[in-house]
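In what comes next, subunit A is part of two complexes: it sits with subunit B in the first one and with subunit C in the second one.
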Partner chain A sequence: MFLKSFRLVFVLLLIGLLSVGFAWGEQKKAWKIGVAVSLTGVFGKDGSLVKDAYTLWQETVNSHGGVNGASVEIIFYDDKSDPATTAKLTEQLIVSDKVDLLLGGFGSSQLFAASPVAEKYQYPLISGGASSNKLFDRGFKYYFSTLGKATEEVRGCVDIFTAVNPKPKTAAIVGADILFTSLACEGYKKYCESNGIEVIHHELFPMALQDYNSLLMKVKNKNPDILLVGSHLLVAMKTIKAMKEIDFNPKAVAFSYGPTVPKFVEDLKGDANYVIAASEWTPNMPYSGKVFGKASEFNQLYLKRFSRSPDYVEAAAAGGAVAQQIVIEELGLKPPLNKENRIKIMEALHKDKFETFYGKIEFGADGANEAHPPVAVQIQSGKLENVFPLEFAEAKILYPFKPWKER
Partner chain B sequence: MDTVFAQALINGLLLGGVYAAYSAGFSLIFGVMGVVNLAHGELIMLGAFTSYWLFDFFNLDPYLSAPFAMFFLFVFGYLVQKYIINQVIGQPHIMSYILTFGLHLMVANIAIKMWTQDFRSITTTYSGANAAIWGLNIPYARLVTFIVALFVTWALWFFLMRTETGRAIRATAQDKEVARLMGVDIRNIYAITFGLGAAITGLSGSVMSPFVIISPEMGLEYTIIAFCVVVLGGMGYMPGALVGGLVLGVAQSLAATYLNAGVSVAITFVILFIMLIIRPTGILGKGSVA
Partner chain C sequence: MNYRTDRIILIIFLLISTAVAFLPYFVQSEYLLRLITVVIFWIGIAGCWNMMSGYTGYIDFGPVVYFGIGSYVAAIAMTKYMVPFFPSLFLSGLISAVIAFFIGIPTLRLKGAYFAIATFAFAEAMKQISLEFDRTFKVSFFQGSDGITLPISGHDNSFFFYCILPVTFVVMLTHYFIEHSKFGYGLKAINEAETAAEISGVNTTANKLRAYATSAFFLGLYGAIEAYWITYITPSDVFNVQKTVQMVIMTLLGGMGTFLGPIVGATFLTLISESLGTRFVEYYLIMIGGIIIVTILILPSGIIGTLKIRKRLRFI
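The block that comes next holds the complex of A and B.
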């Protein structure tokens, strides 16, 4: 008998506690933001950088009283680097979790799969980690990217060679055969042609390629002045390892993505020097705006929180979150959002111009950021130095590349 | 012979040595127990990480840390077989596939939790060092791995042919019931075999660590290649891993040199497909098909 009544009291107590919790939750409605991003799989590393960027944004905003008085809560789901899963999780965030807004994860293939879902449910989707041209060719209204298009992103990596002497005459282009990196290769080709550099080798290879030595040996035999690589972090690291092993010494080597991730320099050490990489942002850029202040202050916050400097993709991701926040604040919206609110946000994102720590953000009709100059960085004595465009350059480009055996 | 061809051949042989080094353990485990170990790549990953951490914390050269990797992987393999895989011995093969696949997911994901997604690389003073002989390039680290593959193949052969435990392992592989009647402790032999397979795989991960990129999820692609290598050389036939590795390495290198890199990956599976149809016992015809 005693046990029975004890159970009853316990159950009642539990119900009471839950309803108190529920009521409390009702009173303090937070912004629910959903992110489907790769935390495992080939893009697991890149995706977790994007997660860090959003986490820092969330913490910074919440420590300043939230957005329009409501705190920000982010739901992260791991898409395991599989685009079909990204689409499924995006739908789950909208339908089951009923999030107010979305933010984009990492990778063009992932965003290519997630954006039709966002478009269908009329959720604005801003990404800072995807830039394939195809993302912008579909007439979507709800997809935005703070990065420039992939083919434009690598422009700095080629244009910089107009500033060196003697100017390279020939180039070899190799890259992984996936959306972003193959477009980067197209961009290299386009800007090589406009700069009068002859492309003497152009080859795409599958991500599953284990041995880069044979491929690069073939390129080495053609003796190009410069090597341009359409890459992600893993491809970039494997390329450097193989180049050194086969003693391949072009006058310069450039990557579309990878060397700006701190691990590249940390683990490859001296072998990372002289490497050139495409970028869209570095902490020394003279930009500033709401939430994070100056570009350098964003860098300081990152150092404090994660003991490392942010990569440009992280800045681009946080920049997108800031742009969305500015629109919400201007419209004076509060959670929960309805469909009409989200349409208003989409329209404002297209119309407004944003000044942020990441630089100017102006979304064109196709959703691509049109206000951003392509930047090139070079690793010099283990440090990333901004070398292009010349007006923001921190250092002069080191050219030509010092042969492996003389280092 | 022109230098391009000679270079492609050298690259292929060295690559084949790498393949052979990490596939020998897969062949051993399959040959004795009939277990297709889908967590094979994780053993390579653990070997490579052992070297990485010893290098990172104590600045210990990867070649000096190889014995630690072998020891650690032996213990790991022994325990995994004794307490996990032995539970499904005697049941249909599909059970061991499911079990080792589960093991692959578990080990990889625990590694992600412990060491994050980072891609890592060991850069020593000699990493990337290479010889140029008659205009031909030979990277030292790959040459060492090639020699390790030869040594491992020989040592395994010696162990299986000339030692008491080796004889017990062979007896178990041939007919486990008769071996049991002769007083062989089958479960213990299985645990020793898996431990041994894991140890030589860990050794390969360790000697490869100076020239590969290390990450918790690197395993699966190695498992796939090891499977192809072992089918090529003959399932369960010990020197087969060496033959299969060299053939595959040379085929891939020639394809990458004269055709393109995409074909070099595709060719792996074309060869696997053809072999399974026309010659399932491997190039030398000494593998088992059961």
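The block that comes next holds the complex of A and C.
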């Protein structure tokens, strides 16, 4: 009798252990997604934002049962803002870590280095942090970007001046001499010409420039109506500080990137007011879709998780992750993925149109997002207000810029 | 005893190099092969710096300029003049060496911090020239901050392995030559007491110039290979001062003016950043910084340098 009971207990225990084992085995089949992103170096700050966006996407997806029942696990590696390291890490993620899919990091040079590796191994690579035009000229099939091309991103920052009175007649364009910002300057020039604004000063300066006062003093002496800056966050902050120091008061100042990052307003406080910035997304845009719901709900999730609002690059990065997720769900794929699966994902990314919290995503044959209108925002009373396109504007542009001495 | 040790070390080096040459036939993982290639790449780059600064004591803060020149020569030759890769590669080394020769004539007359500042300034100036040249002269040559996209090679990592390995092999053999030639003694004499060397009949300027141009030749080759491998270059990337810092730290860690120093320093630093960087993404740089500080405190002349002094070895 005792022996029988013992056998029963033993069998039950064995079944229990096996089922736990199976369950554990099932659980282990998570989606492995690899990201080589700059967490240190010149783009360390911007790359960290991209990391936050993917982290939030991962947590949100996992809290809703994962993608097709499998949870998401992201492997982040730091490329130290060095393109050669980005290429090496991308290969490591594919070959050594055997990730199912990739997501892009930050910076055009970095994506230039990562994309040939992704192309070689036939891994779709969607980035939300690089928009240099040349990235799309190489005939790659596996590279995608949720951002528009760099020269187009700043269109809103110039087109907005068609809606002000009196319309500015002259502009000065300055920018850091790296790929994204110099392309932004090209975009400024192109749209100034098409809007009849004369460019009276055009200068690119080293990214590591310390003395912004001398640079801007030259510009001040030419007395342009507006100042257009090709910038990253630090460039934008240094420009504002220098403008205040030398009391440079053009009628408007616009930046290609920087002011939409919350740190800009946090650090500059009242000095950040009146600043215009290019954007591709703001939380008040009337967009909605799977995973995050509305744009405003994505903003709320961000506030809850990171105690700050997201920047448009973060939204673009998360938007790319969502687009890839939608394709996986539609194709009914489960990890681990093979080469054929990834080819199908690439084809679907080219073919499908995606409605997301980030707006419409429609990848062209070159991988650029063709469905995204450029947005211009202005900081008004410490808040980012959407001022262009006019149909989505939540506030009227404050123009002209209030002189520093009157603030 | 010392000469026997020299020969043994050389034979071991030749045997290891031969064995390494067959690695692509055994290493199945493309990633592992890339990692090995990156280690060999940095051994060579650190070796180039050691060749000039390690032996003469002239601290060069601008070697990246020749790496960048090599990258641009290859990129322009391949994209603008449709020159195939290997002739472009040779051209990269040659032009880097020629520029180094003419830059070396005035700068190598400077000493100590002045030489360091001059070389650093030259590297930064070249970065600015490549950024501004096209805009200033209304041409399309360096393509400024837009950078140059090189043709996609389509080669796998073993191709780049076999491009880099022979260059590094020759760089290290040059070290052996420096250690065992009158030219090398001249370089060491410059390090010990330049004026005394000059009085003893050593043509110090010519010796420094030879070392400087040779180092630039190899750096140009590395620049060209990396440009072809990464397929895209910008002035900010190829003239990045971080590359100089990395080659200096690798050589200092291994031991300045030693044969094995660049090999040990580059391998140690590359593998340690690889290992820690993938495991401790948030903290690995602090850990690497700590390891470098501790290593230098315990072994002030670098790993091989200290061993050389303690064991009183002439050549390693």
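Following the convention adopted for this analysis, the second predicted complex is superposed on the first by the 380 of 407 C-alpha atoms of A that agree within 3 Å, B and C clash if a C-alpha of one lies under 4 Å from a C-alpha of the other, contacts with A are read in each partner's own complex, and residues count from 1 in each chain.
Note that in this section contacts are C-beta pairs under 8 Å (C-beta built on N, C-alpha and C of every residue); 3 or more make two chains touch, one makes a residue touch a chain.
Just so you know, these numbers come straight off a predicted model, no measurement behind them.
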{"item": "Touched partner set for A:Asp177, first subunit B, second subunit C, both or neither", "value": "both"}
{"item": "Subunit B versus subunit C as contact partner of A:Ile246, first or second or both or neither", "value": "first"}
{"item": "First, second, both or neither for A:Arg138, with subunit B first and subunit C second", "value": "second"}
{"item": "Subunit B versus subunit C as contact partner of A:Lys339, first or second or both or neither", "value": "neither"}
{"item": "Subunit B versus subunit C as contact partner of A:Pro116, first or second or both or neither", "value": "second"}
{"item": "Contacts of A:Val95 with subunit B and subunit C, given as first, second, both or neither", "value": "second"}
{"item": "Which of subunit B and subunit C A:Lys351 touches, first, second, both or neither", "value": "neither"}
{"item": "Which superposed partner A:Leu39 touches (first subunit B, second subunit C, both, neither)", "value": "both"}
{"item": "Which superposed partner A:Leu209 touches (first subunit B, second subunit C, both, neither)", "value": "first"}
{"item": "Residues on subunit A lying within both footprints (that of subunit B and that of subunit C)", "value": "39-41, 177, 204, 206"}
{"item": "Complex interface listing, subunit C residues touching subunit A", "value": "29-32, 34-35, 38, 127-128, 131-132, 135, 144-147, 149, 152, 156-157, 226, 229-232, 234-237, 240, 242, 277-278, 281-282, 284-285"}
{"item": "Contact set on subunit B toward subunit A in their complex", "value": "4, 7-8, 11-12, 14-15, 109, 112, 116-123, 127-128, 130, 132, 137, 139, 141-142, 211-213, 215, 217, 221, 225, 252-253, 256-257, 260-262, 264-265"}
{"item": "Residues of subunit A defined as touching subunit C within the complex", "value": "39-41, 76-78, 82-84, 87-88, 91-92, 94-96, 109, 112-113, 116, 119-120, 132, 134, 137-138, 177-179, 181-183, 204, 206-207"}
{"item": "Residues on subunit A engaged by subunit B in the complex (per definition of touch)", "value": "39-42, 44-45, 47-48, 177, 203-206, 208-211, 213-215, 217-218, 221, 233-234, 237-238, 241, 244-247, 263, 267-271, 404"}
